[in-house]
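In the two complexes that follow, chain A is the common piece, with chain B as its partner first and chain C second.
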Partner chain A sequence: MTKARDFFGLVFSKPWVRALSALVFVALLGIIFNAEGTFFKWSTHRDMLRQVSVYGMLACGMTLVIITSGIDLSVGSVLGLSAVLFSIATLHLAWPAWLAIAVTLLAGIACGTLSGAMIARFRMQPFVATLAMMVFARGAAKYLSGGQKVSTAVAQADGTYKYVDLPRIFSLIDHRILGDNIAVVALIFLGCVLLCWLLLAKLRWGRYLYATGGNEEAARLSGIPTGAVKLLAYGLSGMFCALAGICQAVQEQQGDPEAGTSYELTAIAMVVIGGTSLSGGRGGILFTLLGVVTIGYLEKILSINAVGEASRLMLTGIIIVAAVLFQKTKKA
Partner chain B sequence: MFAAGTAAFGTLPAGKKMVIGMSQCNLGEPWRVQMNADIKKAAQKVPGLDVVFKDAQNDTLKQRAQVEEFINSGVDLLIVSPKEAAPLTPPIAEAYKKGIPVIVLDRKVLGNDYTMFIGADNKRIGLAAGRWIAKRLGGKGKIVELKGLMTSTPGQDRNSGFRQGIKGSGLQVAFEADMKWLEPDARKEMESALAVHSDVDLVYAHNDPGAHGAYLAAKAVGREKNIMFVGIDGLPQEGQAYVKQGLLEASFEYPTGGKEAVENAMKILGGKKGLPKELKLESRVFTKANIDKGGELLK
Partner chain C sequence: MAEPGDRMVDTLLSLRGIRKSFSGVTVLDDVSFDLAAGEVHILAGENGAGKSTLIKIIAGIHTEYEGEMKLNGRPVVIASPHHAAELGISVIHQEMSLVDSMSAVDNLFLGRELAPRGWLDKSSQRVKAGEFCAKLDLDIDLSRPVEDFPLSVKNRIEIAKALAIDAKIIIMDEPTSALSGPEVEKLFRIIAELKKSGCGIIYISHRMDEIYAIADRITVLRDGRTVGTARAKELGEDELVRWMIGRELKAQFPERARADGAGGAKDRIKVEGFSVLKPDAGSHGAKRWLVKDAAFSVKPGEIVGFAGLQGSGNSDLFSGLFGAYGDRAQGKVTLDGAPFRVKSPEHSIRQGMAYLTNDRKGTGLVLGMDIVQNITLASLPAVSPAGWFRQALEREIAARHMGALRIKASSGGQEVGTLSGGNQQKVALAKWLETEPKVMLLDEPTRGVDIGAKHEIYRHMNEWTARGISILLITSEMPELLGLADRIIVLHRGEMTAEFPRETATQEKILRAAMGRIGTSKGRS
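Moving on to the complex of A and B:
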């Protein structure tokens, strides 16, 4: 009896087991409420991964920032700004794809680095600095787009519309490869996860991120450039937002200045469900991957069962609380 | 496209300048951006007429303050597209009683203290869409309904009108979901609908971006050719463009009334009597067959 308890205590003290159990619980929901077998089709899982990828990219950056004990509220707005920029460059200005991608990524990195600079250099609280960036970037998206979606219907001076063809880059990214089995967007997301994993687990700067979030003063005194560490975290977060913005634009075939509204909350929820603590210094990108997939499955299961909006919101709230409470129980 | 009515809306006495204050409840939606654009375009045709635009950013109290600002600055006429009826009724009534004519656009206020209400009827448009779809499908088929935010009146009316329109036909709504007017959500919900149902005939979405999102979802699994897509709003750069590009089977116009507001503002400022208290806007349906002729009026 005590042996069994010790065993479970040991197993559940492992953070990845706790992160996994939320996913298992949601998967069980899917197996029970399978919408006439739809949950057992491979395409359901393939589509889930694609749908959740844009949020997942935001959650990657959010994980880095939260590990430094910060927060990035601007991710949704920077996504919207990036989607608009990318669409203007490709659809209206007919720039080559590489140039449009490069400029969009640079703009994302610039937004993130600017937030990081306000936090590191001017000692603004991350909540305040990124709140300002959230408002500013949304304004910039609306300004550049004139408040309208940037689409293949291009307004001419005389009020008529000219229709441009969708550039090839759109179908290249919004497309499935490997025998129709995985979306390019999902691969981009997994690439972001890999990049974060390399940084956090293999590189010295990854340890700097944990050290800065764990105890900034101690980190600074032991010679870690905490300011540069923050610039890196927020800059990378901005870059992931830009990637997410490009992926959002190609999937919508337009740049919507309202795109990404409230996505920051979903991204934070994904990180937290994975078990990365909001107080910083702890967590990891693979936990976030579990959190991303957990939310992805939850949304998919609610959607294939055509559950009403009201019940969806309540269930999502309950699952977030349950997952986090579960992480808190140290031992069974 | 709307160039048909290029005739002047009327003229101001030579050398006279007049100012219209326009209070828009929210510029976060393309449809409302279009409403402002329509007003601006119409007003530019009248020399000496100036329109000052204010955006309340979906905040009722901000809109109330903006109406009060217009009263204080002494505009000659007010156009208000209110966010909510009750809280905006007192400031609009105040302007009206002070002798500033007020045109209320799209959503009504309470009582009678305004000069004219101009708006379209979502329920009637939903009903027309339902009847049109029933006819197009020959009275039977499986439908996916992608609803706008069901806590909003346009969403409710576009739903109930549609249901009334298909009543008695053999059409069956096999899957319905709330996509909250958002294209990415519509695509997600449509993917689920496609996964659950292998034989969808038509998608009725409460707005064109929703129909477009559904189209993209069907295209991703190679089923877009077997399904028809119908949306509402018919904005030139959205619904009309999608119909022209052959993505949507039809788009039902929800007119902004911007042009009509300026037309009637000129009549009011010119002292014309006997104008109606309420102007119901006509709506058009755009299909591949009629899009180049500017759509067809709904009866």
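Moving on to the complex of A and C:
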């Protein structure tokens, strides 16, 4: 009897079991409310992964930042800015795809690094610094786009519109490969996860991230360049935002300056449901992957059951609280 | 005027047979203490003698204890700091207990706002605050937040706060630790005024000058017991020091094979004119430095002990040397004959320095990480060539240290936060050993560690010095200092007051120097 309890105690003390149990709970919901078998179709799962990928990329960067015990509120805005930049470069300026992608990525990295510099160099609170970046990047997106969606209809000097063809890069990304089984966007997301996993589990700088978040002063006194560590975390977060922005633009076939509004909250929710603690120093990218998929399934199940948006939002809120409470109580 | 301490003088506060223990460890044992109206009663004792605990009992912070407390002759049980304030007991803390962002007026009335029917009566608060400050010769804009004022003013605002509650018993815990000479004079004048108005003052100080300048009576605590109470006039300095020490030194330290010929060897580290500035240096009225003009040298394989009481600046000296304070630390440092620039911890580690801080939980370890990760934390480049971890190598290194230091844990994967204090300390030591240092700065290496682990750490220190590592050691335990160090340097309020070779060092001499008496045998041997 006690042995069984010890066993359960041990199993549930493992963070990944806790992260997994939220997913299992949501999957059970799906099995019960399967919408006449829709939940059991492969396409449902495939589409879920595609739909959640853009959020997932943001959650990757958010995980890195949260591990350093920071927060990045600017991810949604930087996504919007990147979508606009990419669309202008490809649709209006007709730049080659590689150049447009490179410039967009650099812009994202610049935004993140700037936030990081404000935090590391001027000791601003991450919340404040990234809040400022959130507002600024949204403004920049609107400025560059003139407040209009950047689409294939390009305004000419004489006031008429000329329609340009969608460059090939759009269809390349917004399409499914491997026998129609996986979306390119989903692959990009999984690539981001892999990158983060390599960094966090295999590279020295990953350890620096954990140490800085776990005890910044101890890390500093151990010779870890904590300032550079923060620059890296926020810079990478910016890069993932840019990738997400490109994917978003491709899927919408336009650059919407309003794209990504309030995405930061979803990204944070995904990280938290995965079990990465907001106090920093703990967690990992695979937990975030679980969190991303959990939220993805939740949304999918609610939408195949035709639950309205109002109830969907309320339910999501409840699930977040439940997941976090569950992780807290099992911590002892 | 009646002599304070005479029988006819009112006894304000009387403590009898006070006992207090924390999780099984007795910190106060049968302590008795009296405070008379109109006296300054010095509470003296070494670090850890139990002074703070006693103060906290009087201030209502510790409410569980044995023994009897009488206030104005009547038994009293103080339930909370708020209750203590209502009874007219006020504590002026070492670390100021003001809310920095609030105005002086708001601070004076914090928790006792003049607020009939819930509405703040700001104008009467201002008028009353003005009166208190006038008494203290404090001419400041009371509506400004207290963070705008220098320490000396804050100090007087604290005293004004005591006046505001009409305190009869005022406890001052090292109130001068951050003050400059003239400011101290001012404080003493205020204390004299307070005495005249019938207040009793309990005063904790580590400065010999100060003690004899203002004391009426002195009570000495040692290892949680009252050694005695005497009139200041009748208790000479020598006697005071003897009261504070009064312990037998036991031979409990492993004999050390001294790296001899050390006399002729070159200096491992040499420090000249080394000062550490305060972060807020510049605010007038306060001391501008934490350490001033330190000069010493350490040879390979030597242990040099740094002694001092609270506020001595020893830890700041170490932090400064290690580069933790950046360019706030200035001076000439030579490492193995080559000039060493104090820059950053990163730089110092590369140059062969290691710094075990005195707060392993706060600044030493990353508690959420496991043993392996903590041990390699300061030498990560070595276990991750080109940035990629070689995990087998990392585990191997950790296993080696866990074996050598006998770290008890289920595995290297155990989180450090779940280890016992002694094992945590060994992990912190292992972290620094792995950097293969030439100089180790050890600040309280045996703090909060049980006896067994203490001895192991002593033994290891001997091994390290045998390997030629130089150790700079801070410890507040006198026996440890005398048992381990080859030489002992004493700091008092940031300045070196003495340096003794092991042979001539005694507890008495060290304590006198730590209380600000310039050491008699400063001559270097």
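In this text, the second predicted complex is superposed on the first by the 330 of 332 C-alpha atoms of A that agree within 3 Å, B and C clash if a C-alpha of one lies under 4 Å from a C-alpha of the other, contacts with A are read in each partner's own complex, and residues count from 1 in each chain.
Please note the rule applied: a contact is a pair of C-beta atoms (placed from the backbone, for glycine too) under 8 Å apart; a residue touches a chain by one contact, two chains touch by 3 or more.
Because the structure is predicted, anything quoted here is derived from the model rather than measured.
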Chain B and chain C placed together on chain A: clash or fit? fit
Who does A:130 touch here: chain B (first), chain C (second), both, or neither? neither
#### Entry: Partner chain(s) touched by A:217 [first = chain B, second = chain C, both, neither]
second
Once the structures are superposed on A, label A:202 by its partner contacts, choosing first (chain B), second (chain C), both or neither. second
Max touched-residue count on chain A (chain B vs chain C) belongs to chain B
Worksheet item: After superposition on the shared chain, which partner residues are touched by A:282: those of chain B (first), chain C (second), both, or neither?
Response: second
*asked:* Just checking: does A:294 make contact with chain B only, chain C only, both, or neither of them? Give me first, second, both or neither.
replied: neither
### Task
Could you tell me if A:266 is touching chain B, chain C, both of them or neither one (first, second, both, neither)?
neither
Determine, under the contact definition given at the top, whether A:41 touches first (chain B), second (chain C), both, or neither. first
- request: Considering only the touch criterion stated at the top, classify A:104 as touching first (chain B), second (chain C), both, or neither.
  value: neither
The superposition places the nearest Cα atoms of chain B and chain C at a distance, in Å, of 30
Dual-contact residues of chain A, meaning touching chain B and chain C, are none
The answer for chain A against chain B in the complex is residues 35-36, 38, 41, 43-44, 47, 51, 142, 146-149, 151-153, 155, 159-161, 163, 174, 176, 248, 251-253, 256, 258-259, 299-300, 303-304, 306, 308-309
Per the touch rule above, chain C residues touching chain A in the complex are 322, 324, 345-346, 348-350, 355, 357, 362-369, 373, 377-378, 380-381, 384, 387-389, 431
Residue set of chain A touching chain C in the complex reads 202-205, 207-208, 210-211, 214-215, 217-225, 281-282
In the complex, the residues of chain B that touch chain A are 1-3, 27-28, 30, 33-34, 41, 150, 175-178, 180, 183-184, 187-189, 191-192, 195-196, 209, 212-213, 216, 220-221, 236-238, 241, 244-245
